[in-house]
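Just below sit the structures, each encoded as structure tokens.
You will see chain A twice below: alongside chain B first, and alongside chain C after that.
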Partner chain A sequence: MKLRSSMLISSLASTAMQFAFAQSATMTIPKTVEAGQGFTVASVGSGNATLFIVGPGQVLKRDVKLGEPADFPAGMLYSAGRYVALLEVGGAAAQTEVFDVLPVKDVANVNFLARPSRLPVGLHDAITGAVYVFDKYHNLIAAPESVSFELAHPGGAVEKRVAQTHDGAAWAAMDSTSQQGADTFTARVGDISSMRVVEQVPGDPCGLKMSAKQSGQLLDLSTDPVRDCSGNAVPDGTIVTFTEVYHGAQSTVDVPIKRGVAEVSMPIHNGATISVASGVVMGNQIGWGK
Partner chain B sequence: MLKSLVIMSALLSVASQFGAAQPSVQVEPFTLKGPRVLQDQTRAAVIRDYLQSWKSFRGALDQNSPALLDADFVGSAKDTLTDTIHQQAAVGLRTQYQDRAHDLQIVFYSPEGLSIELTDKVDYDVQVLDHDKVVTTQHVSARYIVVLTPAEVRWRVRVFQAVPE
Partner chain C sequence: MNKGPLIAGTLGAATIALVAIGTLWPAPSAAAYAGTHRMLGSSSTPEAAVDNLGDDIRSRNFAKAYASLANKAQFSESEFVRDLNGAYPGLLTYSNLESFQVRPLHASDSDAELQLNLHWSTVVGPEVTTRDIHVVKDGDNWAPEWPIIKEAQVPPQVIPVNYLRWDVIYRGPGDDWGTQDVEAPHVRIVDMHPVERAEGVVIMGELLNEDVVPAYVTVTATLLNKNKEPISTEGSFDKISHLLLPKQVTPFLIKFPNISMSDVGSIRMDPVSSLIAASADPVIEIADEQLHPAPDADLTGQLINQSGQVVNVAHVLGTFYDKSGNVVWVADTYTKRALLPQTPLAFDIHIPEDLAKNVASQRTVIATYSSGGAQ
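Let's turn to the complex of A and B:
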């Protein structure tokens, strides 16, 4: 009974001493630390302790001698966020502090989303780009940064926009140019850039026109060279539809453009009306033999 | 013996309270930077999936189980949290995050619809357990910037980072 009591007293005394040590030990940690930079945690007290740095981004554990500075070298704490620093002495928390790790100020990576990768020429605000900016440790840089967006055509034309990031994000909308070709779409922050290719293809046919010529019992129909409204040749393979309406009946023929024009031969019907179209674009009409 | 049981019961009760409380959620009106219209359905889905991601986050860091992140995190957010879990496990720590309140605002919907950014002024308690012994519980208020991207059937967190207010 006596032995048990003395063990209990001894255990309580030990716990009380640990508590007293924990109470007397304190630390001083910077309120903010830049990601990847070294920093020092000063402490007051004597004996050994354990320092924990705990956050969703990282967890570090360090044995420290109280009264001596604990150095955290550059590169050790690099994930931005809010952290809890915990000084543990004898299994009890002596002090807990909250501090921030901030992203590096310099942008190291521009995450660039550009859409679409292919579109017709001559459309307003049809190309969009969005960026998120990160430091070299992949921390999002929340401080405002100026982002330059450039859409460059192989012919030399350049369209520019400048936007400011808010909470690490910025965007811009650009017009597609009037000439077909592979444009480069670049987002740049300082010396860091990210580039995408945007293929600009001819738009819908414009001023679609056909002519007709009799050839025996057939009518040879042929379009003029098919171009969009900016003068770009509509690509071969684009479907052109010829429709002949006669005496309440109708014949329709779909023809792909070959070498810039669409051609077809259709039976002659006196009083027929022949029309041409490509997609939703209507061309001219011809009345035959009226 | 009875006293021990009472103490154990009290401790278990406190522990379960730490893990069970539902956070309060407030959603601020949004003024989007960007041309894309945010539909109500999309907005609701993003908020639902983000709040769900906190459950995964809590479970993963409490149990030191990175697999619990799979459904709700992707990219750098998932990599960072996975590394943190490995670091915790290596030093014998677990952390219990209990979110108490979220104040959410959607701030950016990218024009092509492939990302949504929101901010969350969140209050939470973090309990640090060293070899399963509670060492401290700290209340933290932080402003998080979160970027979510669409996956097959849900939005996943791609960036999850606290910034000073």
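Let's turn to the complex of A and C:
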């Protein structure tokens, strides 16, 4: 009975001492730390303690001697966000502090989303570019940054926009040029840039015109070189429809453009009307033998 | 008293007895379907002779069918088989004769005319072919004369084709986040009309590929009620040409069975396109298209394959317009035989009788399928 009483008293005394030590132990930690930078946690008190640092995607545990500074070298904390520092003495929390790890000020990565990757020429504000700026640890840099957008045509024409990031993002809309080609769309922040290719393709055929020539019992139909309204050659493979209407009947052929023109041979019918179209664009009509 | 074992025993015994009876004395039709026995053994009437012929074709017993013909001296057995199945792989090659009907047209003591309607089960649904068969009396029996249609043969030759083809390289798994992929083709619905039919609501229209790359397209529609809540969603399924080359237009038709227009407040259309590797060939000419008014309103014409590639199946889609240019109906058909280079093949698209009077013009498009995939 006496032994039990003495053990109980001893245990209570130990707990009380730990509580007392915990009450007297304190730490000082910077309110903000730049990602990747080293920092020091100062503490007051005596004896041993454990320091926990808990943050987004990272947990550090360090045994410290109270009264001596605890150094965290560069590169230990790299994920930006809000962290909690917990000083534990004898199994009890002595102090809890909150501090922020901020992104590095210098932009290291530019993520660039350019849409669309292919569009017709001559459209206003049809190309959009969105940029997200990150530091070298892939933290989104929320501080405003100046972003320059540049759309360069192979022919030398350049279209430029400048935008400020808001909460790490900036965007701009650009016009497609009047000339087809693979434009380079570049977003630049300082020395860091990211490039995308935007293919500008011809628009609908413009002034679609065909001619007819008799070849035996057939009529050779051929378009002039098919171009859009800006003079760009409509690409090979584009479907051109020839329709021949005669005596209450009709013949139709969908022909792909090859080497810039669409060609087909159709049977001759005197009094026939032949028309040409591509998509929703109508071309000329020819009356044969009228 | 528990009667379960007694009932089970009785049912078991009855089942065994019925199976034995069915095996020993099968019904003629069942035996005919199983291919072990002829439903009609003799050819004592013209109808029986054509029935036997149809039965042999259905059981793919072509040798027996050929042997029963009165005019077999005019063609070989292989020509007879090619007439039925096609010389080149086509729709009928991959089909079975599901059933047939025989209709007498006229008869005398020595000969008769009968119509044989063959109902084929094909990969695109049921198809019907019709042959008028002359039957002659041969002693006590009757023998059919097969109206052979010899398929045109293309002479061996080399046809140079400088065809266009599109291939696609998509972004890979190793590409960074934000790296752009190749853009899906831009397609646009250029016309759309909902109509009410006896079977329900039908939505039809036309879809344009306004891009410079080929597109694989489908169209889905969702009917919404007056409160903007969805009633039903359906797709165009095969009532569309799924492969659209640049600036090509396809009709589409979507059926909503058992729904009334009065229940519909609005319609949400959803054209979907994706990039697809494709070839610009073959080029198919649609010649001599003619609209025939009711009764038996239809669109007829001929397909001429201008390329050197054999087209195994051609899907013919007709878009019918009224005088104002509005789409009033979309209908389709499949060619039963392969489409050989430079060889005309007739087609016939049925137009509903009640709509035929509104049809003023039409436009036809062809989707082709060749061995090795859609081209």
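FYI, the second predicted complex is superposed on the first by the 286 of 290 C-alpha atoms of A that agree within 3 Å, B and C clash if a C-alpha of one lies under 4 Å from a C-alpha of the other, contacts with A are read in each partner's own complex, and residues count from 1 in each chain.
Basically, a contact is a pair of C-beta atoms (placed from the backbone, for glycine too) under 8 Å apart; a residue touches a chain by one contact, two chains touch by 3 or more.
Worth saying up front: this structure is predicted, and the values here are computed from it rather than measured.
Within the superposed three-chain model, A:G207 lies out of touch with both chain B and chain C [touch as defined at top]. Once the two complexes are overlaid on the shared chain, A:V264 sits against chain C while remaining clear of chain B.
In the superposition on chain A, A:G237 makes contact with chain C only, not with chain B. In the superposition on chain A, A:T32 makes contact with chain B only, not with chain C.
In the superposition on chain A, A:S117 makes contact with chain C only, while chain B stays out of contact range.
In the superposition on chain A, contact of A:D254 is made with chain C only, not with chain B. Residue contacts after overlaying the shared chain place A:V98 against chain B, while chain C stays out of touching range. When both complexes are overlaid on chain A, the residue A:V280 reaches chain C alone and has no touch with chain B. On chain A, the surface patch touched by chain B in one complex and by chain C in the other comprises residues 113-115, 132.
The touching residues of chain C, counted against chain A in their complex, run 162, 164, 166, 176-178, 180-183, 190, 208-214, 245-249, 280-281, 283-290, 306, 362-366.
Partner chain A is touched in their complex by these residues of chain B: 33-35, 57, 61, 76, 80-81, 83-84, 87-88, 91, 93, 95, 97, 107-108, 110-112, 114-115, 117, 119, 126, 128, 130, 133, 135-136, 138, 140, 142, 145, 147, 159-164. Of all residues in chain A, only 111-119, 132, 196, 201-202, 204-205, 234-240, 248-256, 258, 264, 266-267, 278-281 touch chain C in the complex they form.
Those residues of chain A that touch chain B in the shared complex are 32, 52, 54-61, 79-82, 84, 86, 88, 91-93, 96, 98, 100, 102, 113-115, 125, 128-130, 132, 138-140, 142, 166-169, 171, 173.
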